[in-house]
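The following pair of complexes shares a single chain, subunit A, combined with subunit B in the former and subunit C in the latter.
Showing the complex of A and B:
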């Protein structure tokens, strides 16, 4: 069986999927990155290898997410794409007439508007990461709940409380205040869901033409409370696709299929790469007052790549060396 | 020879050719601070008032770099450069903010330049500033005229739809068939590679032809903004709006990038007006970028790449 591998290395999760020639998802892994993208990726690939039949043949690899360049170097990618394009491609593939894609991930949130399957407008959160998955994680931890329990609590609400959504620091003080007044946790959690949605629509979604069909994807889409809050705020049905939390990886896999079409070869290094040793080291370049943090990637002890320097003198040195 | 220091920040990007020629013809040695780097930003953030935007922080860093290397610092108070219009409030307070926040400054030459009224005393200022370096009235007048002439030549480069080579932006050589993007933002952000995270160069590397506000003649800008119900008296904001309106009508411009600094008052208004105009009048895609003290470029790269993909797929 021929498959395409899609990898999305995000701030919070690393997602790996395998799709077949007709874009059916064969395997999907959602793993917490835990600040160790390389290790997580290696473990993920190893796990994937044990799950697939022997005759499976990887024909192409695509990477996306904030760690896309690192992942591409490690696995040998055929295409490296930004997460907006990847998410849009996956959404349009799953629901062909999709108009609006709401995506909330670990540390960023985005909105993508499509017309006839082509992106016509998009926006991402600016300097502020308020109202993303990390914030929900943090608040769940503060209430002593797992994120799964937290997300279910919102459904039990009778009377959601009003919480300031503009800034997560203010939201937290509001939550503490409401909790000391005696409001139930479920009402507070539901209020938080509404605040997050309000913040999203007023910032990322500001001025965007949000029309049905609307897809809600990204890790935060696992929260039914947020989905309901979106439906209330927009007055439209919200679709959470089956593979909502790995859509970026699906998009990367589809793009990989497009990239290798007609040339029957892939840059994929094969599953053996999990046996290799990947080490990154970093140093501060003292060549100029910018003091860039340069990162070096060693594969089995050999220096294979460098990045992070503004002037590219370290990057170029490696590329010129072959 | 007296040394005069000019910070490579804020109004440097518009007026450096005028000032350089003026002071050099008066016999002074002009010293510009180097292009912005991390050390300059760090120092600026240390000395600046709390509410300043990133470009003003950087300006303070440049002044700090120059202070021990020169006899004078040139930091004019730019109140207005066009009749009945004003620059930004922070520009107006620059000399005061400098002397109250940085110790051991050399003498600051900070004339108030206010062209709002007909009787604007510009010659009096030229005379006073010139007098520091030369007592010869003929020489002062000649230096000024030479400065103005160089300033006009410099502006002509922009009006010819190219980016002055003094800003050292590489990969700009234009081939036909590239994507055309109008980049709307203050020149002290756009042409400062550190602040803009090399936005223009990144676009050039993607084979994009960049068009900026400075490339539009002031008369055209004034004509474009005349459609607004109320006159815009913030000069910089007017230039951004007018040029964005102009570009929005040009068929060859496929998209817009609007870049502004976090905490910029006038831009909060103009960004939103530009966005609204583009959406309602001709529905051209626009990408909003906000800069602050971040050093991670991943976020800005992702947005640029995604926007490029969007335009490529639309244009075909």
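Showing the complex of A and C:
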């Protein structure tokens, strides 16, 4: 069986999927990055290898997410794409006439508007991460709940309270304040969901023409409270796709299929790469007052890549050496 | 009296050219760097916009090199920049950096007013010499823009990434060092000749992007995270709404030098924004319309976070986007901005445009 591998290395999760030639998801892994992207990726691939039949052939690999470049160097990717394109491609593949994609991940949130399956406009949160997955994680932990329990709490509400959602620090103080007044936790959590949705629509969604069909994806789409809050705010039905939490990786896999079509070869290094040793080192360049932190990637002891310098003198030294 | 002034892209070459022509002592602050920004962030009010912070860093660094008099533009109207010269002077004073400050308010009324303010700086120089100096430094600005437009054209086309920028840096130095019209002409001519020799790829599908927004973030590469270079790597030819010489001509010289290049942005902006909202808000809208009429593939608006005129423009741009049918991306920068985030957005934006074009081609077939 021929498959395509999609890898999405994000701040909170590292997602790996395998799709077949007709874009059916064969395997999907959702792993916590835990600040160790390389290790997580290696473990993920190892796990994936044990799950797939022997005759599976990886024909192409795509990477996306904030760690896309690092992941591409490690696995040998055929295509490296930003997460907006990857998410849009996956959304348009799953629901072909989709118009709006709401995506909330670990640390960023975005909105993508499509016309006839092609992105026509998008926005990403710039200076504020209020309302993203990390904040919800933190609040769940504060209330001593797992994120799954926390998600379902909002559904029990009768009377959501109003929470200030502009800033996550103030949202937290406001939640504590409402809690001390005696409101039930489910009302507070439901209020928080509404506040986050308001914040999202006012910041990321500002000036965007949100129309049905609307897809809601990314890790936070697992939270039914947020979904309901979106439906109330927009007055439209919200679709949460089956693979909502690995859509970026699916998009990367589809893009990989596009990238290798017609050339029948892949840069994929094979599953043996999990045995390789990947080390990153960094140093501060003293060449000018910018004092850039330059990062070096060693694969089995050989220097393979360098990045992080503003003037590119370190980056170029490697690229020009071939 | 040792003069200095804050950086704004290549403007230092022009101002230095002007002052040195008049035999005045000048200290150019070190190029804006992380150190400059750190100094500014440390001493500036947090909610001030980025130009104030970097200005402040520049002036502290220049004081350490011996400068004692600041020349700075001021301003009237809704943009906060008009007050920055005064605010910076106060902050510097409190930190113990004593400076004399000469503020040149934009002479949007008449040239004479500008000259009057200049009188304070020029001392014993004759008016005739001042006019010569202005003309000469204006020629430097024109030379820089000529070279820069060539660089913008070549960046997406060069075979080996970075070649053009190495030459560009060198040419800027030779223009900076030119002391006479002859050496300026030579520097410009040789510079263009060198750029023409850069090996280029021919059969590329180049995307044309218009860069619009606030002047400082448009002109200062350190602040806009070298957006033009990054776009070049993505195969994009960039044209800005604002070039140094055009700005000097229209704002400081009262269109003394008649140039056809200057777009009637006020007329173009009219259906959307019929009022001077401060800063370059109206230009942003006007050029957005102008660029879309000229067949550009997309527009990128760039501004410092909390910039009021650009926030006004930002809220009007969706209408322009809809009616002129052109994709627009807005980017705000401040001291927290990271290059990775910028590159992700630029990549996605250029992807969007390329996919739309491919789709149009497919339909056309």
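Please note the rule applied: the second predicted complex is superposed on the first by the 322 of 322 C-alpha atoms of A that agree within 3 Å, B and C clash if a C-alpha of one lies under 4 Å from a C-alpha of the other, contacts with A are read in each partner's own complex, and residues count from 1 in each chain.
By our rule, contacts are C-beta pairs under 8 Å (C-beta built on N, C-alpha and C of every residue); 3 or more make two chains touch, one makes a residue touch a chain.
Bear in mind the structure is a predicted one, so any value in this text is a computation, not a measurement.
In the three-chain model built by superposing on subunit A, subunit B clashes with subunit C. Touch criterion met: A:312 reaches subunit C, while subunit B stays clear of it. Once the two complexes are overlaid on the shared chain, A:291 sits against subunit B and subunit C alike.
By the touch criterion defined above, A:181 lies against neither subunit B nor subunit C after alignment on the C-alpha atoms of chain A.
Using the contact criterion defined above for the overlaid structures, shared-chain residue A:116 touches subunit C, although it does not reach subunit B.
Where the contact sets of subunit A with subunit B and with subunit C meet, they give residues 66, 81-85, 118-122, 124, 126-127, 207, 288-291, 310. Across the complex, subunit A meets subunit B through its residues 66, 81-85, 108, 118-124, 126-127, 207, 288-291, 310.
On subunit A, the positions that touch subunit C within their shared complex are 66, 81-85, 116, 118-122, 124, 126-127, 207-208, 288-291, 310, 312, 316.
Per the touch definition, subunit B reaches subunit A in the complex via residues 37-40, 194, 198, 262, 275-276, 279, 285, 288, 290, 292, 294, 298-299, 301-303, 305-307, 309-310, 313-314.
Per the touch definition, subunit C reaches subunit A in the complex via residues 30, 33-36, 162, 226, 305, 314-315, 317-318, 321, 327, 331-332, 334, 336, 339-341, 344-345, 347-349, 351-352, 355-356, 359.
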